[in-house]
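Down below is the structure, laid out as structure tokens.
Chain lettering (A, B, C and D) follows the sequence in which the chains are written, and residue indices restart at 1 in each chain.
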């Protein structure tokens, strides 16, 4: 498919849909079970309407903000995603470099195909966070966290929404696994150092199983304290979709809350993230930073999330689609498009500063069905 | 159609859609009239959202429960269905054996193509219930109930939702009837014993008419008492969709209530079962066991039903689709998939025990449209 | 298209869609403007759900009722439709004969291609009503009413919903007009008798214009009184969709109110008839008979309308589709199908008598979206 | 595509879809971003239902009204649109002449391809308004306003909804720009007169950029006062979708408020115009004239807008589609169709005068979902 000009995230999605190998495409662009949440994340944004304030001097808009005290020039970060080298040989390193140049925060997945060290070295100016799962082996987990801290990662993002792995039918049908030429770099480095049990020559399939079994379903909110005891980094709870858990997270020491449903990849039938955002912000948003990812496909989606209480917005697949198209340059272009669309949206809606997007800017469509 | 790998109920449905003879497929996969309820049973589950509790120790989950005092290791049973040998030569016997190996309760239809004796003998370890319609001939009805009791069936399931037969357009177009090589075994045995009026050599068409005419539209709630007078088995009222009838059933002696709309096959335009479940549980659920069938297509649907008050969930067509693919092994696989999905769903949602699924776990989607 | 077996109204619709000449098909099966109401009439029925009462003795059901004091054995009548000979050479005469044999009330259109005399003679045992528009020429109108009375028509149905003709885009595109071999019989007879201005040899197009111009947009509710002054027949106001107009009609002497939106053919964007029925019945239903037509496609739709307060239900296009297929026999079959489906629906829903269908039997789907 | 007979706006849309060059078609028939508002403008009208009053004498209907004191014989105007000569060589001049003959108000865009002088001369009898954006160069803006006043334009329409340009993906993909043979006439004349900086021989692309950059994002509500200080013309605020801005506009001196979302071309995800109309009329409608454009595709849409409080309705694309088909004659035909449909709709709904369309005539569809 020849696409001369990719002007929006949708174009990048189309590109990826038509150009990635089948199993990779399905690994990226799918959700758990019948993919209700995967679809609803995108659909839900369309259920909200803008109520702009016109005729204000919009010559200047501010997109700069701070995340846990670190300045970023864009409120649009990149979500942690495993195995990004499937999309492009440069993988997470390219994502980090794109974030560096666009002023975005980059969150590296524990299950990445690039290590914290590689990323730290390649994009030293990038605000970078490290996403962790609770591991059965606490020593390994501590070492990995401390390596991230040494590599200049400034926050830990604890994923709370996958005690076990969700059922992704497409991956099951494809018997999807990491291809032999790639490695889960954070684990591999860890194992090399620790001279661990895993013998050389182990096949990739065994690897996959090993890593999967490494994750502990016995995680609890106390693990936030544990993370704080092994590093001095702030901890973000990623995957919160209810007020209940937002409060739990904060009461157990979380420094920020990340509204996410894992892009619809774990528990299906969760609320769409923009739907869940409101109650989370009402519960903890006055004192705690709240972020959102899931279904963001345009700068206007971002503006909606900011209005409903998010301090920043992350995107997963859009960054991957850019990566698939052109490596770092592709992701940069996607991040630029989103930033530009956000900026235009702010100008059109009468919003001058991403740090002050009024709640009244956005209403649910049901606002307009009253008799 | 080559399908290398069937990983979910939807895959089995596809298989059946493409591989069953037309008239059989339409007999199984259709509903009454314009099939509104048949479709809505499935669609309705999608209208509910999970509100999980994360970061609890999910190392262990319990799926064991009891039904009317009988222990089962799975809360997922198989609904009574007529003429299952149309799907596979082993018919209901294979279903029962699959239930036996998966720890599921099996409910045999009065209009089955295997008799209570055959099923009892083939799957002696299976928790098995016998579904009955009120018959015009009370003697025949009493004998059949008593045979079931002797054959180790431990509950009677009285179907309350079809005083007469619904209008199934596809069956009418196909002039569907039981093919000559199959028999409605419970009736045939009964007739043999009773040396009844039906002469040998009677054609299958006459048979069908005979059995149809055997059902009595003059049934009333008093028939629960009558059933209890002819056997000592507990009685489940199957087909309840309102609080009114749930109360009637219980007041007339029903030991449990089974929310069902007969898979959309009798009265069309009934509420979807998951929609009807709430009011039934509110009316009688504190004292009486409530089950649900209709539209269950994944383990997450089951989790939703348990959260809204069902003690167990049954499925009809999914078991049939498994049967059509591979006999006992196919149904076992379907039951396993559902159990595994339920277990994963519980782990992801923070639920440890099928006997304690909190009501707050699930909300209707309208929860998220408030302004 | 070969259709071996037509088992429901939908099958007859398919037959007509595939077998009628284009312009005729579009004249029958279309609505005004973008056909919102035409489609919504059918869709709206699907928004209502049954809440049946099970386990009552359903051996007998009564479908007999009375309309303005006349007994009918079916509560399903045929709506007035112009130009029915377009569907079949026997036209309105065949419709009336089908109604006679099915025990239905037949309402002849003033713009029919069969005269009151022809219909009266062909189906003397049929309960028959005559539909009128207010004409500019009051003499002609009086004569026509009195002819109807003489021909055994027992009620006048005054159509209130088309002061002028609606915009039917398909007819406009087709420049649709009555073909030369057909005539608007009631007018033709009238003109012959009255030795009117219209000269012999006048073309059909001129005829069409003449009849169109004959209708008076200056009609008012007082015309009910006028109708009563020229005959002793009761008057039904057809086309009511609001409580306001129901009250107006009754206050001005209407003996019954017929909820209709003219099958979506005049003012588009009217409420669906089943949606409008409730407020009309609440306003006048305790003292006045209320009927409904529009979008009825199954016996279950009829049961819903009866539950929401209609005493009888009429159908337009379904009768026409039957006529198109097989003349009188086709319409008979359609009426039989509907009656049988209604009877089965009653048995399944626990309703014994069409004169006593409880209001609680039916709820809007929104009943099931409460949290 | 041969279309013998265009009978409604939808037919003209089809014509344009099939006959305009790709880039032009996409420039006209598209919206910003994912085009949610562009689609919703049309869809929203379908969410409203008529509650007519029947049986009133509808022999006469009045469609005459006044806009800011000027009489018009049609309440259906033509919205300001840039670059109409793309649709037909006669461009805005043809639109104005069509409006003149149909008694409609014509609003010329500042970015038109015909100048105020050309339009004034060609259609001297047409009620004509001039749409303005706030320009960085206030001198140029003043001169243009004063030229319009001299050319017989009787109101200024200040567009408030585009501080910057929206993101139109299709135009971005097409790298759409004004073709070399066309000019933005109001600016060109202005520049010629003012002997401005722009040198002769400048390319059209430079032109486009120049004009784009001419618009000032530093506009404020005070600009209404400024406009009033440089001419004696009344000022209409176009693009209002909230009660807030309606009040702002009026408080800052606006003589009328025009509910519009720019046809979905600037900020996407705005409410549909018919949805936004109600709150605007409630806020200012008792003292101030309110108009609406966006999504009007039939006379019934117009009737709905009048009922919900609009004094007049404008249409953009429908007029363009007519222009594309046949120049002035095409637009005349579209305006006639709409007027005729409005008139028929009024007759059918019991409305005699466009100046008195009762609010109760129209309800949101949710009116009919109460239990």
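Quick note on the criterion: a contact is a pair of C-beta atoms (placed from the backbone, for glycine too) under 8 Å apart; a residue touches a chain by one contact, two chains touch by 3 or more.
This one's a predicted model, so the numbers in the text were calculated from it and none came from an experiment.
Please state whether the interface between chain A and chain D is built from the same residues or different ones, using more than half shared residue numbers as the mark of same.
Copies use mostly different positions to touch.
Between chain A and chain D, what distance separates the C-alpha centroids? Give it in angstrom.
42
Where the centres are mean C-alpha positions, what is the separation of chain A from chain C, in Å?
Their C-alpha centroids are separated by 60 Å.
Throw together a list of every chain pair that touches.
Result of the pairwise touch check is A-B, A-D, B-C, C-D.
Quick check on the complex: what are the chain A residues that touch chain D?
Residue positions touching the partner: 4-5, 7-8, 10-11, 46, 48-59, 297-300, 304, 340-341, 344-345, 347-350, 368-371.
Across the complex, what residues on chain B touch chain C?
33-34, 36, 44, 47, 160-167, 169, 172-173, 175, 217-221, 223, 239-242, 244-245, 248, 266-272, 275-276, 363-367
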